[in-house]
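Paired with chain B in one complex and with chain C in the other, chain A is shared by the two complexes that follow.
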Partner chain A sequence: MNFKKLVCLALALVTALSLTACGGSETEEAQQPADGGAADAAPADTIVIGRAYDSDNLDPVVQVGNYNIWILDLMLEGLVQCTDDGSAVEPCLATDWTVSDDGLTYTFNLKEGLCFSDGTPVTGEDWVFSFERAMSMPDESWYFTVENIASVEAPDDTTFIVHLKEVSAATLPNLSMWTCGVQSKAYYEQVGDEGYVNGFIGTGPYMLTDWSKGESMTFEANPYYHIEGQPVTKNILMRVIADDNSRVMQLQSGDIDVAINLSMDSLYQLESDDRVVVDPSTSCETRFLALNTSNEYLSNPKVRQALSMATDPTTITSVATYGYGEVASTVLPTVSAYIDPSIPVNQQDLEGAKKLLAEAGYPDGFSLDLMICSGKTVEESIATLVKEQWAQIGVDVRICSYEKVTYTDNLYGLNFDVVVDYWTDDICDPSEFMEYLCDFDLCSGFDTNYKVEGIEELNDQASRELDETARKELYYEIQQRIADAYIYIPICTIPYANAESVNISNFVQTPLGNLRLATMTKTAG
Partner chain B sequence: MKVKVTARGGVRRLSLWQRSPSLVMGLVIVAVAVFVAVFPQLLTSADPYASDQAAMLLGPSAQHWFGTDNYGRDLFSRVVYGTRIDLLIGLGCVAVPFVFGSLLGLIAGYYGGKVDAIIMRVLDVFMAFPFLIMVIAIVAILGPGTRNLLIAMWIVGWKEYTRLIRSEVLVAKQSEYVQSARTMGYSDLRIMLRHILPNVISSAIVYAASDIVMCMGTAASLSYLGIGVEPTTPEWGAIINGGKSFINSAWWITVIPGAVLAVVGWGFSMLGDGLSDLLRADTH
Partner chain C sequence: MEKLNYILKRILQMIPVLIIGILLVFALVRFLPGDTATAILGDKARPEVLAAYREKMGLNDSIFKQFIVYCQSLVRLDLGDSTQYNMPVATLLASRMKVTVLLTLMATAMTVVIGLPLGYLSGIRKDRLTDQGIRSFALLGLSLPTFWVGLMLMLIFGVQLRWFSISGWGETWIDHVKGLFLPALTEAIFAASVIIRNVRNNVVDVRGQDYVDFARCKGLGGFRVGCMHVLRNAMIPTATLLSIRIISMLGGTVIVENIYSLQGMGALLVGAVSSRDYAVVQGAVLAFILVVLAINLLTDILYSVLDPRIALK
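Coming up: the complex of A and B.
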């Protein structure tokens, strides 16, 4: 009996305590906005960003994966950088540059008085070290960005010279990549390759001060940053919140200020919440159907054209992306400056498609497997709508949803009929994607097992063409030839699904995915 | 004698409801489900596959009783047409293991010795793998789709029936009627099928009724994991899976099919419970 009484008493005490505790926090919360108002909406010190995955490797040369790439720009800068809208390259640590007459030597003048985030000055030695480290690792994924560099030299701390192996149109875009960012040589010598996985010292607006793997990353403003008055916000906390719904709820409740990696349907649902601003950022992430020409039916160009005519990418885009996506006319990202304007967005023509199918010898249609990766909502929506549209010309689609590993195996093994395929640019230049599209051996004609006549040569030419107009013409020709082969059905480019609380401003994500947060602020209240 | 007769008469006068209310309730629910599965077109005129851009994510209303999903498809018709698929999966998953599992159990129990040892060790191997993991592995090898899902469920589903029947056969084969059948010189086959099987099958039948519920649940969870039926199929688990990202704003996509799945599952469970009541009453 006594024991029971004791337990009861203890329980009552705990309840009472927790009630007072709650009361306490409530009054505190209630006071905060009032304080903020009094201080004339002073910007907050810390901004919390919720994302779906943690990074796994911050070594600029070795890392792969968006969860690393997206945050590298916070800490790392190079000679040049891609603009916020992803359309061009602009100066960053270099103020200006000259190109030799033969196009093989680039001489950069650097900003004076540059310091790393630990306060040590940036020397020519650091520049040479950073480039030579990237150039010494030919097996890494980003080696293509430095492949064309023959050598680099730094005659003094404000001049940096890059010697190329051959003339290339993509030199500046390549130099804007993270492989060409300047890092502290002294820090590298201290920690080595293993330590580099956990971060490096660069000149970017922020520095990584704490990383609890799988949970959060803490960034603090770089006190030596070379732009006066930036970064505006002192601390940025990146929290890993894997579940989409949880990220949405934490954003709504104010536990986090920005939610990234959301899904299109979360964005759509957040539209009605006035505490939150939906901010779909333009991206280079495309979705298109790739037709595997190893398939008996799909080897027939008339069949491919008929399927293309039966597809209505405009409807698919508006339903699958809730109108956030942009319907595509070619497989290039819609933000690209190299899209051939003479190729129209595909228009659905069911009668024409039926006629073509009959001419091809399949008046009653046939059946095809459409492969998607399971758990991806946009892909699943695209597949669902394609099935509905193709059924109207008698083509019976079986949607095969595989988990990631099987999906990738099937994709590389060309073990599918049609796939909802994707591409994401990493560099603000069409050269990376064009290489994959035009070099048949890289990925079996980009998952189609079809060699488009002459595009490999055209691409070689384009990569060396320095005249912008002539280069565009070459890329137009490639796109035209690909379109005439009917091996892809372009669908859309989907945006990065971000949402912020209303008091956040200047949250920037470039179309390549890089987070630019130097001017981001949060007003209190 | 007189007492016995009244007692029997008393038993006979009890209605089915009085003898086993759960059986009646289960029967009613299952009967309704079967009716819906056989005549879905009587209940709804909407096409469960037809998307409508103008009607995305609408809540329950007079026009769309269960609301619409993110493609603007009518959820009521999807749930109604889904009944056939889920019942077929439930029954289809159970029928094959029920027959083959029971036969294997009969053989193992009756012959004993080496035959028993081989069957039971194979069974142990299957037992060692967790049910769901095994199904996922098989579906991954065979590829997704309803047919392969059924095959996967057959491969893992037989072992309970074998165990159940084997243990009953071990008891039954010692009984007098089997001994006398042996003395009469009946063949093994005749003794097994005509004399032992009818006496041991009731426990397997009761188990099967609850197994249907489990199979429907498993199929639904596989669809939820994205490796069950083909994505556009209006299977209940697949509908729930499709709605999970809308749980904050469009609860009807997950909650209504979930409730329907729960009610039908409950119905089968009650049916199994009632059957066991009935069979137990008969044997006593």
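Coming up: the complex of A and C.
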């Protein structure tokens, strides 16, 4: 009797599943036009973006990590913002500003009639609250952006004054950061720090309406947005699709409209698909080799120079990034306006390298461990090519691949010989990266355990230098001294590997990674 | 009454297994290399920021103290909070568990639906063309890696034919079933291949038994003999194998959920290990242990249903 029931149950399941399968195809087909097919020429209401990870914290002051940072521009705005090309700072909620003669007081005139996305007006009190909250949290990662602020005041709802502790060349770039975005004080008082993790109320083009953690985020257009006619698209759905291949396939099948953070090979593969536009956006993401001078061989400057001479970054960049990367002459992102033009891209000279190794006392070479973070195709390719190139001068490279957390631990503990290192700028100014490069104590001479003489002082000087030309000269000098020490071998800057359906226009990701989607549209195509 | 006693006895026997499981998971997670603070705050976080985070999260406490705190929380049925998602682990698990459970149930149903009839058919048609064909299919199913099968099914049925959605879990029950069809099939292909081979061999064995000849001599029809005597007896070892496959499929969700962007327990566990989210890893593994223990208990009960000669003691 029981067995019969089991057979009946199995048959019922087969029938149910078959019916569902058949029904599925029809429903899918029926949905095509509504999803952006050929039937309707009007812009679509919803655009779906697929990304590899979900955000985990949206508190502008507390959050860390690109998957939080990159979407903050959808909801948050400040006095000024970085331009779309990442080259400068431009007004945002401030129309203009004046700087006092001593360079310590910035007075901003704000746009009139500003409202938060919940319809409440933006007041001076909201501005003061937002800044003072960031200034009161010195243990948070982004505190450095408000560290130089002595106090803030808002005489009225359209004037905001920032008093600095000391003159700083990076004041405006710092004020363009998310820590300085205006948020509704009333909403914070309602939800507190705990609720703030799940979002805040700002003046950005979109507002977060639903967050299914680990799965998706839904953004709706801010009806009170201060720019007429924006945002163009009513809803943006950010869907988490961890697997790279799945993101590609979902883009090809039309399940998503934009796929971000693909791998370079996926991007290359999509080039031949006419349903998709490959969009490698300029980024601030650099890759370079850092040589740990704690290693016996690498403590010798001639050895470091020889390894540098044995490396051909042009070939590595071309192969590892499928031609999408830009070969680098220094460790600074290639988009930076502060790159010393007198430093050339490294040229491979194997004979010279061998000679130098012999002079250093290692004519037969030696062995080194090259650490990479696992699962990252660009890093894996760089390591493979470096191994091949260094083998030509007798240096035997053992590639050590570790998962992210172990990699990070080894990086902090200097438990490696050479590492495929990286940097991503968060601010449109070199000050953040330069501080890491020049302040030896911050991360052991940026993973090299080498103190380059005088660069800390030069960086201090540059951070206070308001004359742009003089500031550039100081940064050039720092780069030259670092280059002369041969502690890094610059490789490349890699783009943000994004791809969109052909009917998507105006998808913007700034070189800092921020998504600017107020004018993005999806039309029939 | 006898059954109830048996179930109670088995539940009591599960407690030591559960305790050992909790201990092991707690210890293993702590032995993972890498620092939680850097996993959460990023590798360029400033030293003072990292130190403040470790202090706040109790990461500077001794392992023993952390274990005591964990056990105290467990007694209160509090699994702690996720550092990655900033929410209670129990809430997180509850939302993810339904995806994995439904996926595993569908995969199990497909395994049975594909495996049993094909295995039976292969057994009764031993060495004929049908048998050779089914055996080749089973061999292929066993040889193909799950991730590859998943990607191919997505490519064919999701991208080219567009019969199924490949974009996750959806909103309604119909969406769920549609969204889970290909992932479940991905898991079921391997499991069904195992079942086919097992059922086939069992059917071949059972068909040679005296009681089958006796049933035929009694004048029973071929279908009745096949279902009531052959398949039923052949299924007893298959039930054990199926329970093992279900447990394996639960483990397989780690891969399948990732490929199909399903936010279930497998995807959650992978993310939690990567970000050293101890509370989530412990909670998820604990949930997996409980599910595995429950499956084992159900399998034992199923034995007595399939074969009344097996007494539950």
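Methods note: the second predicted complex is superposed on the first by the 484 of 525 C-alpha atoms of A that agree within 3 Å, B and C clash if a C-alpha of one lies under 4 Å from a C-alpha of the other, contacts with A are read in each partner's own complex, and residues count from 1 in each chain.
Just so we're on the same page, a contact is a pair of C-beta atoms (placed from the backbone, for glycine too) under 8 Å apart; a residue touches a chain by one contact, two chains touch by 3 or more.
Just so we're clear, the structure is a prediction, and the values are computed from it rather than from any experiment.
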Q. Is A:D139 contacted by the first partner chain B, the second partner chain C, both or neither?
A. second
(Q) For A:T159, using the defined touch cut-off, is the partner it touches chain B, chain C, both, or neither? Pick first, second, both or neither. (A) neither
Q: Could you say whether A:Q230 touches chain B, chain C, both of them, or neither, answering first, second, both or neither?
A: neither
Q) When the two structures are laid over each other on chain A, which of chain B and chain C touches more residues of chain A? A) C
Q | chain B versus chain C as contact partner of A:S266, first or second or both or neither | A | first
(Q) Please report the chain A residues shared by its interface with chain B and its interface with chain C. (A) 245, 249, 403, 406
Q | Contact set on chain C toward chain A in their complex | A | 32-35, 38-49, 52-53, 84-87, 92, 95-96, 106, 109-110, 112-113, 116, 151, 154-155, 158-159, 161-169, 174, 177-178, 181, 227-228, 231-232, 258-261, 263, 267-268, 271, 274-276, 305-306
**Q.** chain A to chain B touching residues, read off their complex
**A.** 244-245, 248-249, 263, 265-266, 269, 272, 315, 318-319, 372, 374-375, 377, 380-381, 383-385, 387-388, 398-403, 406
Q) Inside the complex, what are the residues of chain A that reach chain C? A) 2-4, 7, 10, 13-14, 17, 20-21, 23-25, 27-29, 50, 56-57, 64-65, 139-141, 143, 197-198, 212-216, 239-243, 245-246, 249-250, 252-253, 255-256, 403-409, 411-412, 423, 436, 442-443
Q. Of all residues in chain B, which touch chain A in the complex?
A. 49-51, 53, 56, 70-72, 140, 143-145, 225-227, 230-232, 242, 244-250
